[in-house]
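Taking it in order: structure first as structure tokens, then the write-up.
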């Protein structure tokens, strides 16, 4: 102890004249730091109500509640997170994980109340003073807990692809599939958008867990065409995918394909449930497309004896005859159909209803009839010269390609139309060595075809001519009957009615022409209802059978009830909708046959 | 390192030497020899520092696995010694005479897992809990949430919706058959 | 020397005073505390004003973390762990994250290594600043806390800017850190360090050259060197006893092997020496922070991408990761059974031995008025004892 | 407070050994009748401007009391200062979660405080359990056990939020609204029953002033 120990403490008196540490008005003068994790904000329009925030919240602080003025729709559950500040710990994991990036935090931190029941609210829906705060926690750029990038799918290069009919998409390896499946958050927004309401989170979980048998079982609960749908489905689910709200959607279609690819057909029976005991009832199905065979599968699972009548030489419908093999190889389709046939479903190939057998006979010989004949008749161009011998029908061209017939398209081909059939026809023509122009009356973004298809067709060398209104088809001057001149009018897009999509208006005088060896019309298809007689009692309105929610068209006396579905009936006109219709009809038929709920 | 493994195996029947990383290893011994092993490690092998002791409830195989983490400060490496005890009748020799803080860990394990250490000071006194009437709470079969829900009142008014089933209700109720 | 004389080494054996004799007074200290030690109580038996027996009672802050962690996903535990030690959350975050990374085989980016080190050193400084206020306050010297807690607040301002949180930073996430440094941050770090350093100079004058503090703290709570191994004493408490152990040096985790520092070692091993040593560690932390600001990479990624946290499974295994916190060896023992939730997480807090075994023995023979000062000089945080 | 049903009172101080019962009060607390008019307003003003805080940091929230007590935020200038014992205090800050062991001390400290007394509850944990919602050892709602005047959201609430909470408390007291003590007396049996439901080893006086 020396004298310094008594004097030193007084040395700091010199600080008496310095600025004090004290903050004068702490509440007003100290806003939270720019990154401060204060109360939550939510961009309710960007939010899709997927509930991933709820799943990650370890405090059980987040509830999903219906938000006023928001209805459930494709890709949006209509629910919004409500945060309980009697639970929240301000960790902001919800912000970090939010797939859409709608959640954020303000830098506001004062919330005082006498009533403990008020400390919960739906950010972005219930107004709060801190709404729209520019400062506060946002997840760091490039930092999120979920992977926004899809695992790239190995594909053939375009040069290689166009030279053969090899399948373009090679499929995921196990590591790739598990990594892609890991991106899913199991929110289930996709289920509502899938026409068949497949249990998508369920089978993606099966991929994650490596349990292929379970995955296959879940697939077959709602869809007996996993190989085909895993390749060519229109994947509305991916449009609804919550991960897609802030990145690439999960590759649901390819994961489905992965599951089906992993299980050998001979092992299917082990994984899948057995059918019920034979019921003694007989069902006739017209059309062995995906819809008809789907109905056949579910009916046979219920123990009914099913006979499918198919006009073509092979089953599969548009999956076989409308989709080129580089997108859906025949062995994959055969696997799906083969399993259905292995259950005892009998397919009568080359039998055309209306020609070989009358519908009324089916109605007397069977206990129920399901019509799933699809849209076999192609629409014409409806311009002068549409019956020119070089004007071909797109679906027919694809069917001939399937049958292995010589197409004889020539060197220059025009494809008229903007749907998937047009793209398939164009790409088939490319593979036969032709130069291809695709002419469409509107713009590229208006095309009904999948964006991927359009992109790939262009990448493979097809030239896209937009806003081309067909005027006429004429004989080429020097090669009558061998080549044709296609004449079109350039158009401009005009917004006629607000809120509706713009329509093409011809530009006066801007008439163009091109010389082609073949002109493939792929404008659309219609039904062939000629086999339905008035006496069958099937109500038809605007070329469509009218059906109830189970697909029943009639149960009029004089025969078995008739159900209908698929492209013949629905608006969506894709395979998965036909499959869904088939499943629904199978349930309806089963109920009717057992007198349940009818 | 392997010399020690051999030595432990030879003297005490230790097995399963596993190098977790370059300065940390684990080894397994019989619970009955735990005090001898610890004394040897402390006095002969240089592991003079007891970092912590704890237990793992391996309910699937009916055992508590005790973990004793030791550190040799001079050699800058650690060693975790494992010993299994029967879950139905968990009793282990106390090592409170070897390390001055071991009795607290033993008291903790007694309270949290129900493992007895005969002779350890104050081992039956309450440690962190007071008036606890439930089973030892770190056992896997004790459900914390169920206990909490049954005991402590929660603020009412919470309800949540599953997006998938909510959408089914709203968009395609017919499928909810 | 007066200091030598005061060094009383209490016997290992606990005497059992006859409480019915009327000679003794049983009194409880706590759970509320004059210092900043957190809620813990001591049951003291005093003869006159000298303590003859003591029992430490913990559990007032027991929340069952280790049970809760078994119920939560690996990533969900990340906001939970920091709550285990309130004044020093970052060491929990680091140990937990490092344990998971080791089990899952993740290597974090270089920048994350440096930002973690920065965060831990800033935390060390903040925690010591809090502690020194408590240490002075326990000896009746309230002024120090008025300064040091404000200095701590300035460090917390830095944390707020870097991490978005004042107390619970939740910054060291498995895979790296949660955000890059904001623009101009390092400049503000250096400015704040200058302010804190100047204030530490004042504290040194006022506290360590204060006759009252010297008289009360010197010789108080003498820890003999051979207790260090016997009781598992770590950190400044061990270093003040002349044992040069510092995990930052010995284990060489994060960026410490590349920083220039030496463990500070004392000789006297009493409350004054420990306080002095911690003051030295505060200066050392400031020095380390300056080195980090100088050497940390200015760009590059700061986080490794992890699998989807909702399903993150960690391969079966176990590990023990420890770090040198302000009080000594802080460690997380994580056992994984290959599922998406930890099988067992055990937390090793240095106070476990300091506040119970060491405290109960050291306090015998001490004047009642010095019990609080002795307890703070061991720098104990009850939440890490009871978790 | 319609939910708070009257529950038959248990035997007074039955948790105590017989020889100690005589040492403690065994009469239930009574409601305090406010004075009339200007005098009560004056008293309320005086109460609100000298809030003496019980220095018992019950949870994490206590850590933000330190900055508040020291030079940067300096709560003394608002008439708030910490006191070491309940007997001298009028404000109890519940700093977050309360384990059962701490709850026992909270109840006892609260009852020992001189009236009129006020309670400030910090953070999620006091409102609905916070992050310890599934813990076996922490209560979820502090208002089940003692009456609360003001809640401050946060985890933890910053010192500034705490100050704002104190300002709100002052406003409430000035307007004659700080009725927690009377509410406790009014629903005494209900509170006691709740307390005894979770504090299994009730070995302290029931009426504790």
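Odds and ends about this structure:
For clarity, chains are labelled A, B, C and D in written order, and residue numbers in each chain start from 1.
Heads up, the rule we're going with is that contacts are C-beta pairs under 8 Å (C-beta built on N, C-alpha and C of every residue); 3 or more make two chains touch, one makes a residue touch a chain.
What you see is a predicted model; the values in this text were computed from it and never measured.
Across B-D and C-D, the chain pair carrying more C-beta contacts is C-D. One inter-chain figure worth recording: chain B and chain D are separated by 37 Å, centre to centre, where each centre is the mean of the chain's CA atoms. Between the CA-based centres of chain C and chain D the separation comes to 31 Å, rounded to the whole angstrom.
Each chain gets a centre from the mean of its Cα atoms; for chain A and chain D, those two points are 58 Å apart. Put simply, the C-alpha centre of chain B and that of chain C have 23 angstrom between them. Multi-chain contact residues of chain D (touching two or more other chains) are listed as 71-72, 101, 127-129, 131, 133-138, 141, 155, 158.
Of all residues in chain C, those touching 2 or more other chains are 59, 62, 64, 67-68, 71, 79-80, 83, 147, 150, 168, listed in ascending order. Contact of a single residue of chain B with at least two other chains is seen at positions 128-130, 137, 142, 144-145, 155. Because contacts link each chain to all the remaining chains, their graph is best described as complete.
Those residues of chain D that touch chain A in the complex are listed here as 71-74, 77, 121, 124, 126-131, 133-134, 141, 143, 148-155, 157-161, 163-165, 167-168, 172, 177. Taken in their complex, chain B has these residues touching chain C: 20-21, 23-24, 26, 48-52, 54, 56-57, 67, 69, 73, 76, 78, 80, 99-101, 103-105, 126-130, 137-138, 140, 142, 144-145.
For chain D in complex with chain B, the touching residues are 100-101, 104, 127-129, 133-141, 144, 194, 197-202. Those residues of chain B that touch chain A in the complex are listed here as 155, 157-168, 170-172, 174-175, 177. Taken together, the chain D residues at the contact with chain C in this complex read 54-60, 62-64, 66-67, 69-72, 84, 97, 99, 101-102, 105, 131-132, 134-138, 155-156, 158.
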